[in-house]
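I am attaching a structure below and will ask some questions about it afterwards.
Labels run A, B, C and D following the written order; every chain starts at residue 1.
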Amino acid sequence: MTESPLARWERYNGAVLGVASLLYLASYAVRVLGHGLPAAVRDLCLAVTFASWAVFALDYGVRRRLSGQRWPRFVRTHWLDTVVLVLPLLRPVRIVQAYETVQAHHDGPRLALHARVITYAGVSVTLLGFAGSLALYQQERTAPGADIVTYGDAVWFTCTTLSTVGYGDLAPVTPLGRLIAVGVMACGLALLGAVTGTFSSWLLQVFAREGERPPGNSPGASDGKD
Amino acid sequence: MTESPLARWERYNGAVLGVASLLYLASYAVRVLGHGLPAAVRDLCLAVTFASWAVFALDYGVRRRLSGQRWPRFVRTHWLDTVVLVLPLLRPVRIVQAYETVQAHHDGPRLALHARVITYAGVSVTLLGFAGSLALYQQERTAPGADIVTYGDAVWFTCTTLSTVGYGDLAPVTPLGRLIAVGVMACGLALLGAVTGTFSSWLLQVFAREGERPPGNSPGASDGKD
Amino acid sequence: MTESPLARWERYNGAVLGVASLLYLASYAVRVLGHGLPAAVRDLCLAVTFASWAVFALDYGVRRRLSGQRWPRFVRTHWLDTVVLVLPLLRPVRIVQAYETVQAHHDGPRLALHARVITYAGVSVTLLGFAGSLALYQQERTAPGADIVTYGDAVWFTCTTLSTVGYGDLAPVTPLGRLIAVGVMACGLALLGAVTGTFSSWLLQVFAREGERPPGNSPGASDGKD
Amino acid sequence: MTESPLARWERYNGAVLGVASLLYLASYAVRVLGHGLPAAVRDLCLAVTFASWAVFALDYGVRRRLSGQRWPRFVRTHWLDTVVLVLPLLRPVRIVQAYETVQAHHDGPRLALHARVITYAGVSVTLLGFAGSLALYQQERTAPGADIVTYGDAVWFTCTTLSTVGYGDLAPVTPLGRLIAVGVMACGLALLGAVTGTFSSWLLQVFAREGERPPGNSPGASDGKD
């Protein structure tokens, strides 16, 4: 089958976007965490952050042109891309896709479906949690009466939220901090869904396989090995 | 097949009920949040609230008549309608149904099942959460020793409850406020069930499709794209 | 097929045990909640509690005899019955079974499987939660430094625990109170599993049905109606 | 089929490793909990701890040799074994496997798949929770400003975390204590996934069986009996 220009662009550009996403996240992290760094380093980080964002914007524009759609329609049909362009800290959702695109053209050994889902869910949630903890830290640490004053606090809060445990020994106090926390909660719900759904479908599969074999010879339980 | 009078009523009246539900919620919200509004505006809101409720009551009565059932039996067999009539803030559950009824007669493109379930769950939970936060705010803000004193607090509390995270930095202190919170918890459990169940069944489906294709050509992971 | 004596005993005795369980729970509740009641009433409650327990013990003994097993083996193979005999507040688990036994011989209309699972899970969890809140209240209300001092507090705490939200504005402080809370948590996990699992299997079923029908005619979403 | 030397080693060594794991956990527990024990007893415990660890290291080395792989590759392909070697408190994950290996060669009655999954999940989570509560207690009890000062507190905290309830009346304050708590949260998520997934697949199975039988004769609900 012939490949559309859009599909070819997405294929070639996947790795570039992935690198830009990691650069964005890394430079943002250095700027947020490095209070004591020289101003020159922090300015460099800001430059890298903006350069990465420019790559995202360029990619968005090229894809709009290649899709042949008008702006209003493209913004609507690619709403997830639009959201991710406006809030680049949500980029990690796309890193997985970039990896998938690259991987699909290597023809290397692919993980089994269940392992893949868990791996992708784990990587996405880890990256989103990292981005969320940075944003929370930046937002909360200078607020009056804040609980979350060190980056360690922000990481701990993010972990308790992602697992939907939520002790509440620390909690954001600013409206924006709470909004970020709600985003992290949504990731936590999705993670829970991924873990539970994967387990459930894996069990059903093992069960179906056991049903086909003669009894007394059930290797099902060993499928859980690494 | 010929359509029963009851089915025809429900079909024609679906949009009317949906609009009335939104008016009810909107006027209730304005009245609860608008402390500083002129008395005339607040009285108007109260009038809209009661008018919407009258529409609900009328619809309930007409459906009882069209169903040909006696009152006690109708109240019992339509217990969900009865609950929703008495507690109109739970109406959002029905908005989804109204949308469904209208949509079913447009023959437009329908979302895939999984997207539909997530969309419906999201819309219902958002609307119920909005109604719950309003009711909580109205109930708690004047209670002595209350944590939840601004509407922002009520929204934050509702979000932590819906995701079953529950930090507990804020908590209702009045019995009625706690009852409302328990209702919000039930919505949270249902949301969790919807997210997890959807993920699980989607995974099983992708898996079944992968099993039918030759290996090395597994586009399953790209099904998650928007 | 001929019915074993044990099966016949369980069939005839199901309703008796169900009534005894409700009496046990009711008399326990009156005794715990009724501080101000006359001593005679409280003594009567204690008598009813013990009488109910005697019924449980008698049933346990008769079933051991009818099963033809020796004591150590019976205790081991019927461990759930043994646990429930020692901790009669866990009886509600069995009320569902009693209802099932009675229902199975009425040949009345049976609920669909999904509705049945949700109904049973709801009834069991409500009864267990009620029993748990009573036990917690009795245990905690007189402890020094306790948070849970009114029965309303105990109910609120139980609800937050069953939904796995867990605000922590109130928490038990005695070791026994914490043990009871852990039991309530286990019920909460089971409830979550029931809700999620039911939703997931219902979705899969709707999906399988949709796959069999021609597109454009998908009534799946209306299966969720009461 | 002929058995590889590695498989034979794992088969014969399974029970030895299981005993060593229990000894490790037991001696660690005695050392952590027994502040008041004579120094000789505590030294003995330390010796047992180290001896158990030596058994783990030896097993790891022998398996590397039998696998015929070079060190870097073996470490990578057996990453779970490597993690468990470095953090022996995570051993309980392996106890289940040892039990499985032993059981597989006894040809005794095997539990049904669903009961097996719940049993394994329960045993693993109980042992991991025990190990986690010991580590938390050791880490937190001497920290300034710590909430978790008795072993009972550590157990209570671990239970609230495993059920993802998370009251937050107690919370770790040291970075290492929080890291341990994050590990416990991960176990909690996995437990939730196991419970929900098992319930979901059990329901689907009951449903499939009901669909095959004539109506009015549905023994599905009694499958839930112990």
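Methods note: contacts are C-beta pairs under 8 Å (C-beta built on N, C-alpha and C of every residue); 3 or more make two chains touch, one makes a residue touch a chain.
If you want to know which protein each chain is, UniProt gives these names: A, B, C, D = Potassium channel family protein.
Values in this document were obtained by computation on a predicted structure and should not be read as measured data.
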- Query: Taking each chain's centre as the mean of its CA atoms, which one is farthest from the centre of chain C?
  - Reply: A
- Message: I'd like the angle of the rotation relating chain C and chain D after CA superposition, in degrees, nearest 5.
- Response: 90
- chain A to chain B, mean C-alpha position gap in Å, rounds to 29
- Query: Taking each chain's centre as the mean of its CA atoms, how far is chain B from chain D in angstrom?
  - Reply: 41
- Query: Which chain D residues sit where two or more other chains touch them?
  - Reply: 160, 164-168, 192, 196-198, 200-201, 204
- Which of the residues in chain B come into contact with chain A in the complex? 152, 156, 159-160, 163-169, 191-192, 195-204, 206-207, 210, 216, 218, 220-222, 225-226
- Item | Residue ranges of chain D in contact with chain A within the complex | 78-80, 97, 100, 107, 110, 113-114, 116-117, 120, 160-161, 164-168, 171, 175, 178, 182, 185-186, 188-190, 192-194, 196-198, 200-201, 204-205
- Message: Which residues of chain A touch chain C once you look at their complex with the stated criterion?
- Response: 164-168, 196-197, 200
